[in-house]
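Each of the next two complexes has chain A plus one other chain: chain B in the first, chain C in the second.
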Partner chain A sequence: MANKNQYAMLFDATRCIDCRACMVACSVENNIPMDKTRIWVSGIGVSGQYPNLTRSTMVYHCMHCLEPDCASACPVGAWTKREDGPVVYNSEVCIGCRYCMNACPFGVPKFDWDKGIVEGPLIDKCSMCAHRIDDGLEPACVATCPTDALVFGDREELIAEAHGRIAAHPDRYVNHVYGETENGGTSYLVLSHVPFKDLGLPEGIGDEPLNTLSEQYVGNTIPVALTWATVLGAVTAGVHTYKHKNHKAESLVKETAEAAEEEIQ
Partner chain B sequence: MKLKIRLSEKLHLTPGITIMLILIAWGLFVAMVRYANGIGAVSNLNDTYSWAFWISFDLFCGVALGSGAFTMAAIIHIFEIERFKPLLRPAILTGFLGYVMVIVALLVDLGRPERIWHMIVYQNHHSVLFEIGICVMTYTTVLAIEFAPVLFEGLRLPKIAHMLHRIVIPFVILGVVLSTLHQSSLGGLLLIQRSTLHPLWWTPILPLLFFISAIVVGLGMVILESSLSSRALHRGLEISLLSELASYIPYGLGIYLLLKFADLAYFGDLHYLFSSGMMSVLFWLEIIVGAVVPIIMFSQAKIRNSANGLLIGSLFVVVGLMINRFNVSWFAVEHIRNLPLAPDFMTQTSYFPSFMEVSISVGIVAAGVLAFTLAAKYLPLFEEEEETAVHEKTSALPRIQVQSGD
Partner chain C sequence: MSTTTISRRDFLRIAGASVGALAVGQLLPVKVAEAARQAGLIDVDGNGYISTMCEMCVWRCGVRAKVENGRVVKLEGNPEHPHSLGNLCARGQSGLMNTYDPDRVLTPLIRVGQRGEGKFRQASWEEALDLVANSMQEIKDKYGPEAVVFSSTHNLSQVQFENLLNAFGSPNYGTQRSLCFNAMIVANQMTYGLEEPNRSYDGLKYLILTGRNLMEAISTSETAALSHAIDRGMKVVYLDPRFTKTAAKATNWLPVRPGSDLAFHLALLNVIVSEELYNRDFVQQYTVGFDQLAAEIRPYTPEWAAPITDIDAETIRRIAREFSDAAPNALAHNGWRTSNFVNSFQTQRAISCLNALVGNWGIHLLPAAAEGAGLGVPPQPPYPRVSAMRMDGVPWKYPLVPFKLGVFQELRNAMLSEDPYQAHGWFISRQNPVQSLPDRGKTLEAMSKLDFIAVVDIFLNDTAWFADVVLPEASYLERYDPLNVVGNKAFIRQPVIQPQGEAKSALWIYKELGKRLGLEDFFQYEDEEDYLRQQLAPLGVTLEDVREKGYAELPEEESDPFTWNTPSGKVELFSDTLDRAGFSAVPAWEEPPRPVDGQFYLLTGKVGQHTQFGTQNNQLLHKYEDEPRLWMNAATARELGLKDNDLVKVKSEIGEVNITLWATEAIRPDCVYLTPGYGHLSKGLTTGYGVGASDSVLHLSFTDPISGSQALSQTFVTVQKA
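Then we have the complex of A and B:
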C-alpha cells in the first residue's frame, strides 16, 4: 500500500483555539445525532510552570492509518483503505463484533450501544468525508476551521509543510510529526508544542503496523493446518499398525478357526 | 416403542433442576431486553470497554474449557490408548455443549447476530477473528458428528451408530486440527493489541501459550467434570484413569511455565514481575493458582489417587486458566481514550459488569449443565452402559446373518 499520492489532514495544535466548530460541522455534514460525535475536541488545559504556561487543545480524528488495524481485524472486511487516503466503512456487511474497536490503537471506532435488533447497531467513525472528497471538496471540519489548525492536502506535501513549520519555529514545536511513521504511517498528522503524550496520543506504538504480526500469523493458517493434518494422519496410521501387529497373528488364527467351524457346520 | 419405555424414566423436578430452570428463564428474559433495547440496555459495556465480561467469560474461557473433547479424542483415537475410553463420551459432550454455549453467547454479544453468516460470505483472510469464526462453526459440527453415535445408541439405532463409529477417525483428525488452530488463534486475536496489552502478557508466542494451556485445561476439565458428575449422579469414579491423566498435567504446566518465563526474559520484561502493581498481582495469581499449585499437587501420587485431591487439583487448573483468560482479554488491556474534559458518553473509562450482563452468561451455563444432566440420564454416556450393551449387539449382528444363510 503506502500510496504516495493520498490525501491527509494536518492538525497543528499551536493554532487550535478550541472553538469546536469542526465538531459541529462534522455532525451537521454527516448527520450525527446530538449525543454522539465523530470528532472530539479536547481542551487539554494549561501545562508547564509559571510563567512559562502553555494551553493546549487536541482534535481527535480517526488517524486513517496507511495500514489500518481496524481493516485488518474485521472478520467480514467492513473497512477499506481507499487509494486516496480515507479508511471507510461498509455498514452493509458489519456484524457488530466490535473487534475493530479493540484492534484500533487510537480507540477510534464507536458503537451504537443503544440500538436493539430492529434498529441494528453499527460502528461509526470519521470517514475523512470521503463523499466530499469525491465531489472535489475538503472535509467539512477542514473547510470550517477558522485558524487553519486543520488543513487538507496531499500527504507528502503536508509532511513537507509540517517539517517546514518546525524548521521555521524550532522553539515552538516538538521536533516530530506524529503520524509520519507511527503505526506504519497515518493520514492524520499532528504538530504540537507539548509532548504528544500530553495530547493523549499513544506513545510506544512503534513504526511497524500493529497488524503485521497478526497478518503473518493468519497467513500461516493453511500451511500449518495441512502439515498438522498430515502429521496426525501419519501418527494415527503408525500407532494403528504398531498396535495391531501383535494382534494380527492372533486374529488370523481365530478367523481360520471360525471359517473351519462354519465349514463343518 | 422402545423409545417410550426409555423416556418413562421420569425426570423429577429436583431443587437443582428447578434452580437451573429459573436461571435459564431469567437469562432469556434479559436476552429479550438486550434484543429489544440494545447491548447498552443490559450491560455496562461502552466505547472504551467494547469487549469485557462476555468475551472473556463466554468466548475465551468457554472455548478453552471445551478443549477436553479434542484432547481426549486425540488420546483415544489417534494414540489408541484405549483404556481412557470411558472418559471419552462425557468429554465430547462437554465440549459440544461448551461450544454451543459459546455460539449462543456470541449471538447475544454480536451487535447484529442475524448477520452471523456474513463471516462465511464476506471473508477477510487477514482477520484472526474470521479464522476463529470459521473454525468454531466447523468444529462444533465435527463435535456433533463425534457425539452422534451416542445419540443413535440412545435412540436404539445401533446400525447407524456403528456406521458412524467407523468413519470417526478422519473427523477426529479434523477436530484436532481445527482445535489447534482456533485455540491458538484466540491468543492470536490479541497479537494486534501490542500497544494496549500489558507486556507481562503480550508476546508473539501468545498463540503457542494458548494452545498449551488449552490442552492442560482440557485434561483438567475431564477430571473436574468426572469428579463432579460422579458426585451428582452417584456413579463410581474412574480414579485410576483420572489419576493417570492428572499425572500428565505437571508436564504440560511445566512446559508452559518454562516458555512463559523464558519469553519474559528474552524480551527483557522480567522487571515487570514485581513492579507493575495490580498487574503483577494478577500475573502471580494466575501463575500460582493455575500452574504452581497444580504442579505441586498432581506430582504427588497420594493426592492424585484420592477423589478429593483430583477434584481440588483440577479446580485449581480450571480456575487458574480462567484467571489467565480474564487477565489477557480484559484486566491487562489498557483502555485508552482518557480524554480530558470530555462528556460521559465519550470518556467512560470505568467498567464493571452489570447484574443483567452476568445473568445472561449464568443462564447459558445453567442451560449447559441441565443439558448435560439430561444427557447423562437418557443417553448411554458412561461406558458401563454403552460398551457392553451396544457393541455386543452390533457385533452379534453379522453372526446371526451367517447362521441364517447356512
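Then we have the complex of A and C:
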C-alpha cells in the first residue's frame, strides 16, 4: 500500500505554456544524451478551426505509480518504489528483458537501443530526481517551471490542492484529478481543461493496478527470464570491461572536434 | 565510428556525451578557484553554488550556478532575484551549453581567405588587438573618426563599449533598438517622459496585450506574473494574427489584421471618451491635451474600426467598457513592437493615452529607476567634440530619435549609399547585424565596401563569418560585467568558471583597445574586479561580500511618482514636442499598406526556446525547438494546393527562401509567419547551420520617420511550391 507521506508532482495543464524549461532542466540535471529525453510534450496541441481554437499541452514523464507495474513485471528487481514516492531504476541488475516497457500502462520506460546491447541493458525514465530529493531539492523540472504548472510536495496535500483548484474554478477544469486513483494511484497528478485523452493520457485505465496481471505474466516466464539473465549477464560483464578500456572521454571529445571540422569542410 | 560519414544525429549524441565526459576529473583553474574559495562560494573540492546573472536574453535573471570540480554542471534560478524568482526558462537552463559549445571561438582569429569564406588563422591577442587598433587608427587618421561605425546590442558591458565609441569620437552607433522597440520608447518619452514604465500585475483585473507574446517571448518574472494573474481570474484580451501560446491562455483572442491594432486602440479611446468612461480626476489633475485628443478621436468609432481591424464593433465597444469598468485595475500593455508597421508609433501613443485615461499610473504603471543610480564610475576626461553628422540621420532626419537608440537600418543604408559620407570600418561587439537587419543582401553589400571589420563574440556568428578579425569574448559564465541595478539592488555577474581557451571579458577587450588607440585615460580601471570595486565604492560594501551574496543593496530613493519628465511636467496626451517636429501631436490614424491578391503579410515573432539570432546553435535548445516552418492557414494552403510539410518558396520583392510548410488553423488566412534567427550563413555554427530559413533575406527596410522603428511586418510575400 501507498506510504502516507510520499512525494508527488502535480501538473496543471491550464498553467503550462509549453516553454520546455522543464525538459532542458531535466536534460542538464540528469546528463541525458542529446537524442534522448526523459520528459516529452504530449497532447494534441492546437485543435479546432480558425478562429475558434484551443490548445492543450502536457508535460509527460513517469507517473510514479503507487504500485508500479514496471516493478512487478521485472524479473530481477531492477525497479524500486521508494517509500517517499519516486520509482527508481538500478541498471546494475537490469538484464534488458524490457518486460517493464510492456507492463507500463503509460508507455514510459524507454530502452536505449544505442547502448542497450553493447554497454549493458539501459532503460531510461524519469527518477523524480530522487538524488535531488535526497539533497532537499525539488525535481529539476519543478524547480525551474516559470508558471508553476509543475509543483512538488506531499501527495495527499497536492491532491487536496488539486481539488481546491477545481472547486475554485469549476468552469476551468475537468472535474477529476488524474492519477488520484488511476492504476491504483500515481505520484504524478494531472489537472486539465480538456479531456485527459487530449493530453495523451490513457483513459479507462481502471483504478486497480495492473500488477495482478503482470505478476502472473512474469510468473509464467521466469524460466525464460533466467535464461536471458545468464546470457546477458555474461555479455554485460565483457562489455563493461571493453567500455572502460576503450571509451575514454578524451577520444570522444577529439572525435567530436574532428567531425565538426570535417562537416565544415 | 567513421568521422567522415558521421550523421547529424551521431554528432549531437557525441557532442552531448562530451559535455558529460568533460565534467569529470578536471580541476578548477587556480585563479577562479582560489578567489571563489576565499569568497566562500565553493568548498575545498571546488564544489558549490555561485550567484550570477543569465545572459540568454536581456531580462537577466538571477542564476545560481552549480559548480563541480571546476565545471558548471547546472544552472538554477536565483530566488532572491526579482527577474527569476527561483525559475529559469528553457534558454536560461541551457546556458551552460553556450559556454561548452564545441563551436566556441577560443582564440583571436584573423581572416586569411576572402570575406565570407570562413578561412581564419589563430592569432595571439597581442597581434589581433594591434591589428584592430591600427586599422581603426589608420581609418581615423585618413577619413576622420566618423568613418568607423560602432555597433553593439543591449548588454551590461555596453557602457564601456559606448565609452570606447565616444573616446574614439565617432558619432555612428548602431544598436538593435530600432529593429525592436524604438516606437515604444519614443512614444513613452513623448507621453510619460521615460523610456518604459515598470508594470505591476498585483491586483490587475483586465489586461490588453498587443504584440506581447509573453508566453513565448518569455521574460521569466513577467511571464510568471501574467500566468498567476490569469490563474486568479484576470481577463486578458490578446491581439495577434496568430494563435500563439499566449493566445491560448487569453480570455479573448482577437486575430487582428496586421497594422490595424492602431485602429482598435483609437476606437477604444473613442468609446471611453464619448461614453465618458475615463477617470476625470486623473485626466484633469495629471494630463494635458485631453480636448485635442477628444477632438481627434471623434471619428474613430467602433463601426469605423470594425472593417479595418476585422474585429466587430460590438466586441470593441464591450472591451472598452470592460476595460474602463475594471479601471484603475486595467492595463493596456505597450508590448515591444505592437504590429511592427510604420504606424506603430501611433499605436504606442494610443496605448499610452489609453492607460492615462483610466488612471492606472502609480498602480499598474510605475516610474522606472534610472540604471546605475547610486553606483560609482571610474574617472575619465571629457570626450572629444564630435563634429560629423550621424550617418543614420539622427537628429537631422529623425529629430525625435534618441542618440543612444539610433536608426540601425538607416545606418546600414548609408554605409551602402555612402550618403552623407563613406564609412570605412565597422567595430561590432556582441551583435549579429547580418541576421538582425532587414534585407540581408544589403547588409552583406555594405560590409563588402568596408576596409576593415572587427567582431567581438563567443561564436563565429553570421557577422563574424564576414569579419577580418574576431576577438573571442568570455561567455557570461566566465566573466565579470558591470553591476546591474534592479529595484534597489545592484546584482553581479561574475565568473563561475575560468574562461576557456584565450577568451577575455569585454571590459578587458575594450580597455586593451583603448590603450592601443591612445585612449588609456578613458579606461581607468586595472581589471574587471577593480572596475566593480569602483562601482561599489560609494556603497561601502566589498566586492567579496557582493560575490557571496549576489547583490549589493542600494539606498532607497524617495520620489514622487506623480511627476513626469515631460515639457509640461504632466502626462502628455497632446505633445507639443511632436507638434513642433511636424508630427501629429495626438494619436491619429495612419493607413498601413495591404498586400495585393496572391500576397501575404509576412509576420515575425518569438519562440520560447530561442532569443533573437544568438541561440540557434545551442544544442540543448536545438534539441527541444520546433522545426522552424512557415505557418500558413490550413484552408489557404488547400486553396493553393499546398500540403503540410511541403517545401515551399517564399518570395518578397527583394529575396526568396525555401522552407517547409506548416499548414495550421493557428493563423489568419492572409498571413504567413516565419520564426527569425534561422538560415545561418556561417558554417562555424555546426548545430544551427542548415536549419530553417532567414527572414532577413525577405524583409524590406521601412523606417518610421518619428521613432526610427523598422516596420518588420510590412513586407509582403508570395508562396508557391518549391
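Observations
The rule we apply is simple: the second predicted complex is superposed on the first by the 201 of 265 C-alpha atoms of A that agree within 3 Å, B and C clash if a C-alpha of one lies under 4 Å from a C-alpha of the other, contacts with A are read in each partner's own complex, and residues count from 1 in each chain.
Rule of thumb we're sticking to: a contact is a pair of C-beta atoms (placed from the backbone, for glycine too) under 8 Å apart; a residue touches a chain by one contact, two chains touch by 3 or more.
Remember, predicted model here, so these are calculated numbers, not experimental data.
By the touch criterion defined above, A:110 lies against chain B but remains apart from chain C after alignment on the C-alpha atoms of chain A.
Within the superposed three-chain model, A:35 lies in touch with chain B and with chain C [touch as defined at top].
In the overlay built on the shared chain, the residue A:140 is in contact with chain C alone; chain B does not reach it. In the superposition on chain A, contact is made by A:55 with chain C only, not with chain B. More residues of chain A are touched by B (comparison of chain B with chain C). In the superposition on chain A, A:14 makes contact with chain C only, not with chain B.
In the superposition on chain A, chain A positions 35, 37, 114, 262 are in contact with chain B in one complex as well as with chain C in the other. Here chain C touches chain A in the complex through residues 1, 3-4, 6, 9-25, 73-77, 86-90, 92-94, 96-97, 102-103, 118, 215-216, 218, 220, 223-224, 227-228, 231, 233, 243, 245-249, 253, 255, 608-609, 619-621, 623-624, 633-635, 664-669, 683-684, 686, going by the rule given at the top.
Taken together, the chain B residues at the contact with chain A in this complex read 34-41, 45-48, 50-51, 74, 77-80, 109-116, 118-119, 122-131, 133, 169, 173-174, 176-177, 180-181, 185, 188-189, 191-196, 204, 207, 333, 335-342, 345-346, 402, 406.
Listed in rising order, the residues of chain A touching chain C in the complex are 14-15, 17-21, 23-25, 27-29, 31-35, 37, 46, 48-51, 53-55, 114, 140, 143-148, 169, 249-250, 252-253, 255-260, 262-264. Against chain B, the residues of chain A that register as touching in their complex are 35-37, 40, 42-45, 60, 69, 71-78, 93-99, 101-103, 105-107, 110-122, 200, 202, 204-206, 210-211, 213-215, 217-219, 221, 224-225, 228-229, 232-233, 235-236, 239-240, 243, 262, 265.
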